[in-house]
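Common to both upcoming complexes is chain A, partnered first by chain B, then by chain C.
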Partner chain A sequence: MFTKYKLLFLLPGLLVLMAIILFPLGFTIRVSFSSWDVIQPGLDWIGGNNYARMIADSRFWEALQRLSFISVASVLAQYVLGFSLALMVWNQVRMKRFIRVLFLIPMMTTPVIMSVIWRTVFHESLGPANDLMNLIGIGPVAWLSTETMALVSVLIVEIWQWTPFMFLLLLAGLLSLPKEPFLAAAIDGAGPIRTFFNVTFPMMSAISVGAIIIRLIEASKIMDTVYVLTSGGPGSATETSSYYIYIRGLRDFQIGYSAALSITYLVIMIIALTVIAKVLSRLVTEK
Partner chain B sequence: MNSSGYKIFKFVFLAFWASFVVAPFLWALTTSFKTINGVTSGATYIPWVDYEPSLDGWRNVLGTGSQGINVIEPFISSAYVTIGASALSLVLGTFVAYGLSRFKYRAGFIRNGDITFFFISQRIMPPVVLSIPFFLMLQQLGLLDSIFGLILVYIALLMPIAVWVMVDFFNNIPKEIDEMAMLDGCSPLQTFLRVILPNAKPGLVVAGLFCVIFGWNDFFFAFTLTFTETQLLPVAIVSLNSSATPWWSLSASALISIAPLIFVAVLVEKYLDRGNLAGAVK
Partner chain C sequence: MASIDLKNIAHSYDPTAKDPIFALQPFNLHWEDGGTYALLGPSGCGKSTMLNIMSGLLTPSHGQLLVDNKDVTHLPTTQRNIAQVFQFPVIYKSKTIYENLAFPLRCIKMNKHDIDRRVKEVADLLNLTNILSKSANSVSADTKQLISVGRGLVRENVSAILMDEPLTVIDPQLKFELRRKLKEISARYGHTLIYVTHDQNEAMTLADQVVVMDKGQIMQMGSPEELFENPSHMHVGYFIGSPAMNFMNCRLSDQGIHIDDHFVPMELEGIADSAALNMGVRPEYVSFSDTPVANSVPAEIVEVQNLGKYAIATAKFGNQRVKARLSGKSKLPSGATNLVLHKEHMRLYVDGHLYSAS
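Coming up: the complex of A and B.
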């Protein structure tokens, strides 16, 4: 029954997406076995040479480690901050709408544009960040020119930008909770901390896992912020996987090699994110 | 949680976070009114007190200043691409979502859940993986450096978002409504267009807003697939950043590009209380 209509609804979107995604993806896989570069463009066959070269390419693996660190650290910080803010705003009455809109704004703004602004904020002699550091007595900090601080700067910008996303989802989750468990806890005389750990947090665990996974997926693609803020530097101290592949592919034009890196990166991300999603969901359902 | 200690802590924490959120915007705003003296003498904040304000930055980026930087044209291109891609994604995605929510599909081992997953999983794809084939594909089609080519690419980016939000939304509309309409003699297409869509307005708004945000904010594809003919706003501003553009012009252009998104934030907040956002994640 309705076969015609079934296909009418599904096929246009499905075919468009498959044409835009699967064909290019298949092409990338094929290119990863070729030596396509700026001198000799074209599809030859060199077997797994690109992949062999990749295994010895420590810069690629370091970028992957760095990406994992940046994603996990920033997403955890966003979760803790976003949850705290959501809890504080949840029962807030005065200036409720103003506070909510204000806290949402960073996630709506364009990451590269904000990075352009943050670059001026972090400017060592002319920016306000060091002005503040001087004021509280720490003294000037080399925000973007030392390895550790450049990484910290990227984290600050990521946290600034995406804590609102956690805040949005967790606040929406809090607002959709039923009232009865809280009444029951209040009748039992549970204090705020016990209510949080025994009532609020368990009810929020499913949405927490969802929000963390979505953020990890988005964070695994980090590149725009790094490109504008530090260009991967100093040296390669803030280089993420996407950025390194971009340099090899569209800057050095080593198309074949960057395709091999792309495919490996994609496969590793799919495996890692699936495992993380499975483990986190199991933690939730066991409770 | 009514103890006064907690209240003070909460106030300080919220005030601290609010300052952190607005700081870069206020900095950009004050910088946009500076001239060379206001920038090179170290960080200055308050106009008339710390520095003498001027409108040079704004004049420059609106094309009436001496430097001939213009962000109006990229702004319009960005609007075309974002609105075009969002509208197409929303139409295609809504049809797909309704189909997945109401009918059972099977092809070999593939079921509805697998198809839904195929759409949503596209968000995992890092843009850089597709950048080279997109480049070559658009080159073959003669669409490199064009608004239409970018719209095509952005559909891949935005349709999964539309499907994701709308599948969940349609699942929450009772199937009895469809059945009633069909008993009255509507075909499935008529049921969808006349009965379900009017009821799905809040979902469409949320899905549309997310499409607009992600479309407007994309940098990577615009950066790798357009050059001179077509220039989107983020690319235009980042290229200002790498040339020796004065801070006041840079700040003014950044603020112009962010302004529309503030309105989007206000709209998203409106839908917070209605429970349309939490459902999609669970």
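Coming up: the complex of A and C.
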């Protein structure tokens, strides 16, 4: 009797869940076994052809490698920068609120708008970035038109946008640390560097791992920055997985193939991030 | 090791206020090199504030702190070479017990061989030898506090070891043992040990000199015996001794003092008529007699508490209540009896302060 009522009350939630998660997932899997494209839309059955094509598609695997590089490099840089900034303002009580608001701005800006601004900044003849380079005597840099520099530009924008997030998270962590170990370290005669490595850093390890994992998940979805800033170019030098899937699916309308790419990407991400999270949290608990 | 002088030290947490409240009233103190001292007083009396001033965690709002006659008032904690153990265990969680103990030595860049020797010595004293390689975070609160104490003891050349009620979290059995060990260690190495506590037994057993504090003021500094025999202030009489010193209201009369109808002849001078007078006597020095004797006063027993080894009897005469501490073997008094007050053990307090003939 009660079981029936319970199910009845749960039903709306379950239905919504089905509609927004399970159905699209199932449908995508089904689509990935079809040859649905702009010429022949429809759910035919071509078996694993899409997957076979994907394995041979070096552009997809290169995009995946690039994505790994971009996420790991940018998250590490964000962590180091964010931690340094947090340490700098940690003990300074005045202005703390102002600084926090200031740091929130990059995070609150819409990625597309922000990328447009950065594209202007990086503009080779009109952008202020090259003016600055001229000033310090390096001369104009081809920010967006050479392979390495385009990748660097994407990294710069990523780091600029997400360092504040790290900063805020780590600052909150620092502020929640107990005072006593620091007093004890001072009494034991430890200088600032020793105190950092023996007291601050070990106590921050749990929150650091949390912050890094959250950022890695976020960073692996990078797409809008690339889209606006470089459109994956020059060539395919800054293409990331999600951007490549977007090209295949929504520009070339190879729905079936892009579904196969999406599913593969999802599986790889789930496995990779789970392993990373496990390894990192084991590092912390073992200490 | 060093001697420490506190000169006109006072501390207010808000010295710029119009009418600053002082956590520590101005005082002077001298800690001798190698002495064992206890700071005794109720919670909030300024003991910890004084300790933090010495370790540099707090800069006093007034006065000077001298270590071996050098002014260190504004020197940061790191450079003071002082050890301090807190009330609650503070350990470096990510390190092993060995590394915890070695940490202060690594900070002074001692060589590996000497570090190993010192750590093992201290671990041996505190019975930590068998668990040195364990993670400091994985042991019980007792052991964690032992580690904290060990970190305080591991440096040989510190100016002083400050301990802020370090045995509070340790269970009673071990507490007794540790107290003995601390005394032994400080005697062996000649450390200047300053020990904060609100437990008078701890203070009396551990220290050569006890400083009694109340409300930010130093009431008395002296040996345990002195504090017991001649409390300089009624507060000290109350605070030291179990049960506390008896205080009886009394009034001035020609050539002596009247406690109700009982007359105590005394030569007194310079006492204002308006002064509040109290006669103090330790319960240990009060006895009873079945028949009237010299210095006795008829009294009635109100209550007897037998605590096994000893008994506490409360007697009443006139408006006064007097407690006596009697050995458990003696015959316990009851009903009407005679209270014997020994004159040589009676102390007169004028407005709370011990009267002494000038």
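Throughout what follows, the second predicted complex is superposed on the first by the 269 of 287 C-alpha atoms of A that agree within 3 Å, B and C clash if a C-alpha of one lies under 4 Å from a C-alpha of the other, contacts with A are read in each partner's own complex, and residues count from 1 in each chain.
Here, contacts are C-beta pairs under 8 Å (C-beta built on N, C-alpha and C of every residue); 3 or more make two chains touch, one makes a residue touch a chain.
It should be emphasised that the depicted structure is a prediction, and the values quoted were computed from it without experimental measurement.
**Q** For the combined arrangement obtained by superposing on chain A, do chain B and chain C clash, or do they fit?
**A** Overlaying the two complexes on chain A (C-alpha atoms) leaves chain C and chain B fitting together cleanly.
**Q** For A:L104 in the superposed arrangement: first (chain B), second (chain C), both or neither?
**A** After superposition on chain A, A:L104 lies in contact with chain B alone.
**Q** For A:G210, select first, second, both or neither according to whether it touches chain B, chain C, the two together, or no partner.
**A** first
**Q** Quick one: angle from chain B through chain A to chain C, Cα centres, nearest 10°?
**A** Rounded to the nearest ten degrees, it is 80.
**Q** Would you check which partner chain A:G233 touches, where first means chain B only, second means chain C only, and both and neither mean what they say?
**A** In the superposition, A:G233 contacts neither chain B nor chain C.
**Q** Does chain C touch more residues of chain A than chain B does, or is it the other way round?
**A** Tallying touched residues of chain A, the top partner is B.
**Q** After lining up the shared chain so the two structures overlap, which partner does A:R194 touch, if you call chain B first and chain C second: first, second, both or neither?
**A** second
**Q** May I ask you to decide whether A:A186 touches chain B, chain C, both, or neither, giving the answer as first, second, both or neither?
**A** In the superposition, A:A186 contacts chain C only.
**Q** Pick out the closest CA atoms of chain B and chain C after fitting on chain A and give their distance in Å.
**A** Value for chain B versus chain C, nearest C-alpha atoms: 10 Å.
**Q** Contact residues on chain C for chain A in the complex?
**A** 55-57, 76-79, 81-84, 86, 88, 90-95, 103-104, 106-108, 148, 151
**Q** Which stretch or stretches of chain A touch chain C in the complex?
**A** So the residues of chain A in touch with chain C come to 180-181, 183-191, 194, 198-199, 202-203, 205, 287.
**Q** Show me the residue ranges of chain B that touch chain A in the complex, using the header's touch definition.
**A** My answer: residues 1, 6, 10, 13-14, 17-18, 20-25, 27-28, 31, 39-40, 42-43, 45, 92-93, 95-96, 98-100, 102-103, 105, 115, 118-119, 122-137, 152-153, 155-156, 159-160, 163, 187-189, 192, 213, 216-217, 219-220, 224, 233-234, 237-238, 241, 247, 250-251, 254, 257-258, 261-262, 264-266, 268-269, 272-273, 275, 277-279, 281-282.
**Q** So in the complex, which bits of chain A are touching chain B?
**A** 2, 5-6, 8-10, 12-14, 16-17, 20-21, 23-25, 27-28, 31, 81, 84-85, 88-89, 97, 99-106, 108-114, 116-121, 125-128, 130-131, 160, 164, 168-169, 171-173, 175-176, 192, 206-207, 210-211, 214, 217-218, 220-221, 223-224, 227-228, 241-242, 245-246, 249-250, 255, 258-259, 262-263, 265-266, 269-270, 273
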